[in-house]
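Every chain is named by a letter (A, B, C, D and E) in the order it is written, and numbering of its residues begins at 1.
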Amino acid sequence: MDDELKGAIRKVLPDVDCVIGWGPGPDPLRSAPFFMRKPEEVDAFVVGPLAVNNPAVFLPEYKGKKVGIVVKGCDSRSVVQQIAEGLVKREEVVIIGFPCSGVVDIQKIAAQLGQDIEPGMVTSLSISSDKLTVNVKDTAKTMDMADVRADKCASCQYPNAVVSDEFVGTPKEGKTDDYADLAAFEEKSIDERFAFWEQEMSRCIRCYACRNACPLCVCRDHCVATSREPHWLNQADSTREKLFFQLIHATHLAGRCTGCGECSRACPVGIPVGLFKRTMTRAAARLFDYQAGTNAETVPPLQTFATEEPTIKEREW
Amino acid sequence: MPGNKFLATADVAAWLGELSKTMRVFAPRNEGQAVVYREFDAAKGLELRRKPTESAKHALFPRSEELLSFSYLRPAFGAPEKEGETPSDVSQVQVKMPVEPMPTVVFGMLGCDAGSVTTFDPIYDGSKFKDVYYLKKRQATVFIVRACAEVLSTCFCNWVGGDPANTKNADVLATELSDGWLLQPVTERGEKALTSPLLKDAPAASEGQATAIHDNARKSLGDAPNLEGIDAALFSLFADNDFWQRQSAGCLACGTCTYLCPTCHCFSITDETSARNGVRLRSWDTCMASLYTLEASGHNPRSLKAARLRNRVGHKFAYFLRNNDGQISCCGCGRCIKSCPSSVDIRQIVKDALVQAASIAPPPPPQPVAPAAASPKPAAPVKGKGRTKEKANG
Amino acid sequence: MSVLTGKERRIVGFLCNWCSYGGADTAGVGRFVQPTDLRIIRVPCSGRINPLFIVKALLGGADGVLVSGCHPRDCHYAEGNFYARRRLEMCKNLLPLVGIDPKRFEYTWVSASEGQRWQHVVTEFTKQIHALPPAPVFPESPEIERLAACAGE
Amino acid sequence: MADIAKIPVYSPDMANPYMPYVATLKEVIRETHNIMTFRVVLDDAEAMKNFRHEPGQVGQLSVYGVGEATFVINSPPTRREFIQFSVMRAGEVTSALHKLKVGDKVGVRAPLGNHFDYNAMKGKNILFVGGGIGMAPLRTLLLYMFDNRDDYGKISLLYGARSPEDMAFSYEIEEWRKTKNTDVVLTIDREAEGWKERVGLIPNVLLEMNPSPKDTVAITCGPPIMIKFTLQALDKLKFQPEQIFTTLERRMKCGIGICGRCNIGDKYVCVDGPVFSYAELRGMVDEL
Amino acid sequence: MRIGVFICHCGTNIGATVDSAGVAENAKSLPDVVFATDSMYTCSEPGQDGIIRAISEHALDGVVVAACSPRMHEPTFRRAVERAGVNRYMFEMANIREHVSWIGKDKEANSNKAFELVRIAVEKLRRNRPLTPKYFPSTKRVLVIGGGVAGIQAALDCADAGIEVIMVEREPSIGGKMAKLDKTFPTVDCSSCILGPKMVDVAQHPKITLYACSELESVSGFVGNFEVVIRRKATCVDNTKCTGCGLCAEKCPSKKSFDRFNEGVGTTTAINIPFPQAIPKKAVIDKSFCRQFVKGKCGVCAKVCPTGAISYEQQDELLTVQVGAMVAATGYDLVDWKVYSEYGGGRYPDVVTSLQYERMMSASGPFGGHIKRLSDGKEPKNVVFIQCVGSRDVSIGRPYCSGFCCMYTAKQAILTKDHIPDSQSYVFYMDIRSPGKGYDEFTRRAQEEYGTQYIRGRVSLIYPKGDRYIVRGVDTLAGAQVEVEADLVVLAVGVEAAANSPHLAEKLRISYDKFGFFMESHVKLKPIETNTAGVFLAGCSQGPKDIPSSVAMGSAAAAKAIGLLSKDMLESDPQIAQVNINRCVGCGKCINVCPYKAIREIDFRGQAKAEVIEAVCQGCGLCNATCPQGAVQLSHFTDNQILAEVEALCRC
């Protein structure tokens, strides 16, 4: 499939400023976003379980230019949502899709490696359809793909690009999303949840990688996180302010999040910030039967309304 | 060596517990999927093998701290006022300094983390201005550096004059041996810190064992490339927008690199108030954020992330050198690479810059010119391989 | 000078100017006795209410937040409360995740003529908040915490 | 070259350079619809007595509770009874300053930064090019030179603003014009009723004026975009980079070379500037 | 800032349960407060003077008054501070009466709460900015919705003042309920004789355009510049051609059509002119009875029409008009009395409504002024009137008094005697409410001169007995059950808001109560205004009222509209949204949600940005709550202001 995809990229290349995909990363376990301008650069294109990043995050930067983008199913939803919200123009993007079998979660690989081996010690790796083998120094360690695949992939409904101009490969069957992750979290009592976040957020360094990795954060340089007018947050290092930022992000993404999971992945200190958005996504699905990023013609549910809302069960007084 | 101590693995927690009775003890521990420096809590464990996700700089340079506090005083109500005069109840403000820092020990920080203080000192302990908040903490903090037995693929301290067993700025060097820790005092302050009865005199052979571990780590770092002329190269590429745009294409402009970086030392100052009271806070800031340079008028000298990445790399590998006798302000810990959500690799940028600069006709390097009035220091030429030197004058 | 210790809880109300604020006025005019805990912040429309105001209040130590607007279809601004309904409902879904009891936040519709309904809503909601323990407070940084000392003394 | 040791440096208490002097607002002058001039006096009488600054140096003014911002001290060094700042309303701090009343308290950290080397300019012709609030730092030097008029050659001033209403210090301009061997050219961006002076953007008017670079020092200050184009115009007029000086503004926080944000390449505006020769900035104009 | 705080006692209204002086003393601790005091009646002249004096003495630039509801006196105090040279938006009110002193007796808790309300007012005020209104031109045209007597009066008064009027009437003719009445109380003069000329005036007035058979489709815009879409329903008759000759109705073969005007008393033709004095006097086809539509063929009227005015293909027409103000005068409808099974629930032909009875008595009605029973055409001798059918009845959700039934029942009893001198009328009543000029005398006359028997009590059952009806009730004064044999029973059916009133209210963006009556701005002081500027109320749309009150209210609404439009320029409320162009990223979310289309996208140096159209923005703040980066801020209710209020409440 790699070669077919490379062919598709080369085909698209003459019409676009660049094609965004994945290329070699700084270590064997990671790829990096890759911006291909010349045909010879396409050789280094990487796809597969290491194609973790969501390239859609870069698209709005290229507004006014035509670009190509290689997308996993989840990435394509971000693109669709960007189009729906006018952040990206459909005619300015050439979408190359392929059937995705899931990507790895480096933290899960770390867990498999055990306490004494860090992912940074891995010298090389090989991947077969359901196994991943890493070499650390002179020893090899093989793990089941299922054990290291990102959580979002386990409930992936759209393994194929939702919209594409070029599609390479045979579409895959999607799974259903039963929000098992939320259900698991909700085993905790209200007080336990409070304590959980108090602990987790105390680690936050306010780097805003979660925000900047989000393909649907539109404000970018004008985020309220650091503004004084409006002054929602102070800059003191407190869990309250840090948690509040997560709630801002979740609120702003309510009904818009496409579930790419980049916020959680980007977090350098491993805070599961995706849970906030997942909660909003589930609510949007239940209340408004809305799934962001599946149809560029729809309006996000919080930017519209219905005069009757049968699914909203208001409190009786 | 006399003064070397041995701490049995089983006694580590007890010793830290003992220290924390009189001092603030920072030590790395696992939290979630990260390794972070926290105040020591025996119940929450220690992590002395994996590399800490964050640097230990917050021991000296907290994420936020109070610079001063103030209160607007209640006006004197009912004070008689003369006709036609400005009312006498004008605002009165009272300004206070914050509290003194606690004596602190950072246990188990990495060599690169300690090396980074070399970047902080000339800035915060400058010839003109002294940052008292930093200095007081600096004076009150003992660094116990843990030598690296393993290195990661993102480690490159040897490129920038660092070492897996770096002792620069360290007070004690700690090396994990098979059954415990060899603690080698580096400074007098370090020696004084090693007085607990839990610490035994180290067996003679331990020093050799430690050296072997150090050498092994050094070896696994591989060879460092020659970074000579990197500052000139970066200056010559200052206006090469295409170069910087390519380098920054994948950058998300978040603050992960700078906040995890042991040498990044920029901050913002903001006032927060409640009713009549307020504080002036200093908090970490990042040059990767657009807001960092955004002016009130809306003008932004570094509005593009390309310019901001240029500034980060430039600061570490060119600007700081010019003002600080060739000192590179990167300690090679590799955190910015390891934790970058977009896998931006500063090593690659530096290497590319050297190649790119060599490929274009070398422009006249910016000459030290007659400054308008007074440039505090003439730009110093880069010396050697950017290896760290003792601070020139202090 | 804080909320009366042991007697009151901190309850913040956001009321639209046209309906619910008027309803609360009508309740006053009718001398419909209510608990004293609630403090009302007047906004032009329930659509003006950013759900984050609610979150901010609840994270900051409010024990309860009550939002009230015009009845659906009666919005002075035609559509504001329709948007508000969706946003507030989403907000209600978010709170429990963070460890904030969703019972701490309610929204409802009270028209300017419904003084009695307002009395009922306030009384019920205040009861509901009193039935819960005081709200947990997410820690502020110590620097900011010091500011929280009561005004100016 | 100026003697480094003689540059006055802010030192209310060398123990803590972040701690401002508490000062009182003594006079407020409305210059234009968005520019106000503030005259402040340090509450510590001793500090006020000892306060000295050089033309071009800046200070950090703070409104406690809102924050600090940097402004040039634009009272001439010879005036010792107050410290003057002219402030254009743009952001949070400047808006808060504009709301202050006489008698209100502010924080002052001054003087900071370097200054114009007026000694090195002696005997030369001086060309000032000021745009909008950028006139404030130039004015300090201008007044200094007027006080020592015979030390300098011809003084030309090109001062531009958006409109006549935006022209600060308008009440002084006639005085300036009357000073011997001094040329004042005023310009506004667009035609306005009753305006009898030049109309046009500063760099264009500068080219029309066609000043000779011979024995001349050009000093410019204004909004970044104006500085950029003025530098280009001076280039065209064959001014050498060493003949051109500018004084820069930048988003600053600490003002003492620590917080990091005001750098242009390896130069920190707060400690290496705000006065720079074009020669020092060449190649980095992009970051102005 | 220099803030002054004034705590009102409002006599004992506040002072009895709030320690106003204590609150004032505490207020001195609040930031920027340099003056605080309490006063007995802050809104009174000395009270206002006190504020003005304090502003000058203490150089105040902001004022907080803690008193009654801002909905009551905010404008008063704003004017006061403005007189003292302070911008009127540098003023805040804390509502310590309606929201504090009147709803609790605990003085400690009240005083504490009052202080906190003052605290949030101060914190908000500290972030207020002076605002200045903008001025914009208005359309000098008034829309009157409803052509009953209230609407007619409003229209004529406006038109006489030289303002163009557009009148929209749902029915084929104006005249409303009054046109159906036989005589009016208490003078017993002929209803159509006094209303008719006014209807003609409407038709003939050069400034009035009348659209009958029309309804309001939608409203957009705002005070001074409403854009109204009117739906002109197809009547199948071209009004420009129809002369009202009535030939079509004469020839129409469908003679069993429901007669709406006559309240179903008798029948009419499928094409008809509702009544001889109808304005406009144009024929209308009732499609549900017209053979052309029911059976698909007929065409008689088209054939006989001398002017060829019949057009079966006619479609509804939408018409857009610009108006500056609107008067809602949509009147009332009768409560559905058929829910009362004890009155037969509609099964007994000789149990009729009061309005039907009007038509039965009317000389121009179907019986030509001879009262006869619907069942057998016999003249009734015993007539029983039952009052409060659907009024003052909590069990059917109509707890209010319909106001004028007592009077018309008396009138109908009198008229019955006039029509049928040997008849006997009985009135079952709960109370007799006759508080108008000459009203009580009138009800007495019904009893004393006309021998009407008033029985205080409710009727529990009506049942037929032979060709008569037994009306069983209680005489609560006598404490005995009574039964009256009746030939005819007339129900004084209560009134409710005209059908679809809530729907119209939604279009007009005004409030309505749970019975559908439109809400006035203030029960006592602003009975004509609504909460939507430029929309005024007249007649029964606001609540039950009799003819003189309706006429008075019509004139009042006209006065309000004339007053509004007499100014060349209208002042806009400056509490509108503003875009910080430096923060705006042009994502367009605000544009999506704005209910007024008051935000547009502009190009600013090559970037998309939002821009508020100031004259269109109504200040709801929806955009502000939508903008993720807070680039749009609603002046006077900015994020920072509300956040400061929240913080003030949480941090204390």
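As a working rule, a contact is a pair of C-beta atoms (placed from the backbone, for glycine too) under 8 Å apart; a residue touches a chain by one contact, two chains touch by 3 or more.
As the structure is a prediction and not an experimental result, all values here were calculated from the model.
Number of steps on the shortest path from chain D to chain E, with steps defined by chain touch: 1. The innermost chain, defined by the distance from its C-alpha mean to the mean of all protein C-alpha atoms, is C. In terms of C-beta pairs in contact, C-E outnumbers the other of C-E and B-C.
Separating the centre of chain A from that of chain D, both taken as means of CA atoms, is a distance of 49 Å. Rounded to whole angstrom, the centroid-to-centroid distance between chain A and chain B, based on C-alpha atoms, equals 31 Å. Per-chain CA centroids place chain B at a distance of 35 Å from chain D.
Rounded to a whole number, the gap between the C-alpha centres of chain A and chain E is 54 angstrom. Touching of two or more other chains is recorded for residues 67, 92 of chain D. Listed for chain B are residues 64, 72, 74, 86-87, 268, 270, 272-276, 278, 281, 294, each touching two or more other chains.
Annotation for chain C: residues touching 2 or more other chains are 50, 56, 60, 73, 79, 83, 87, 141, 143-144, 147-148, 150-152. Against chain A, in their complex, chain B makes its touches with residues 31-34, 36, 49-51, 53-54, 62-64, 150, 152-155, 246, 249-250, 252-256, 258-260, 268, 270, 272, 281, 283-284, 286, 289-291, 294, 303, 334, 337-339, 341-345, 347-348. The part of chain D that touches chain B in the complex is made up of residues 1-2, 4, 7, 9, 14-20, 22, 24, 54, 56, 62, 64-69, 90-94, 102-105, 107, 114-117, 223-225, 242, 245, 249-251, 253-254, 256-261, 263-266, 271-273, 275-277, 279-280, 282-284, 286-288. Residues 72, 74-75, 77, 81, 86-87, 89, 274-276, 298 of chain B touch chain E in their complex.
Residue ranges of chain C in contact with chain B, taken from their complex: 141, 143-144, 146-152.
The touching residues of chain B, when paired with chain C in their complex, are 64-66, 69, 71-72, 74, 98, 272-279, 281.
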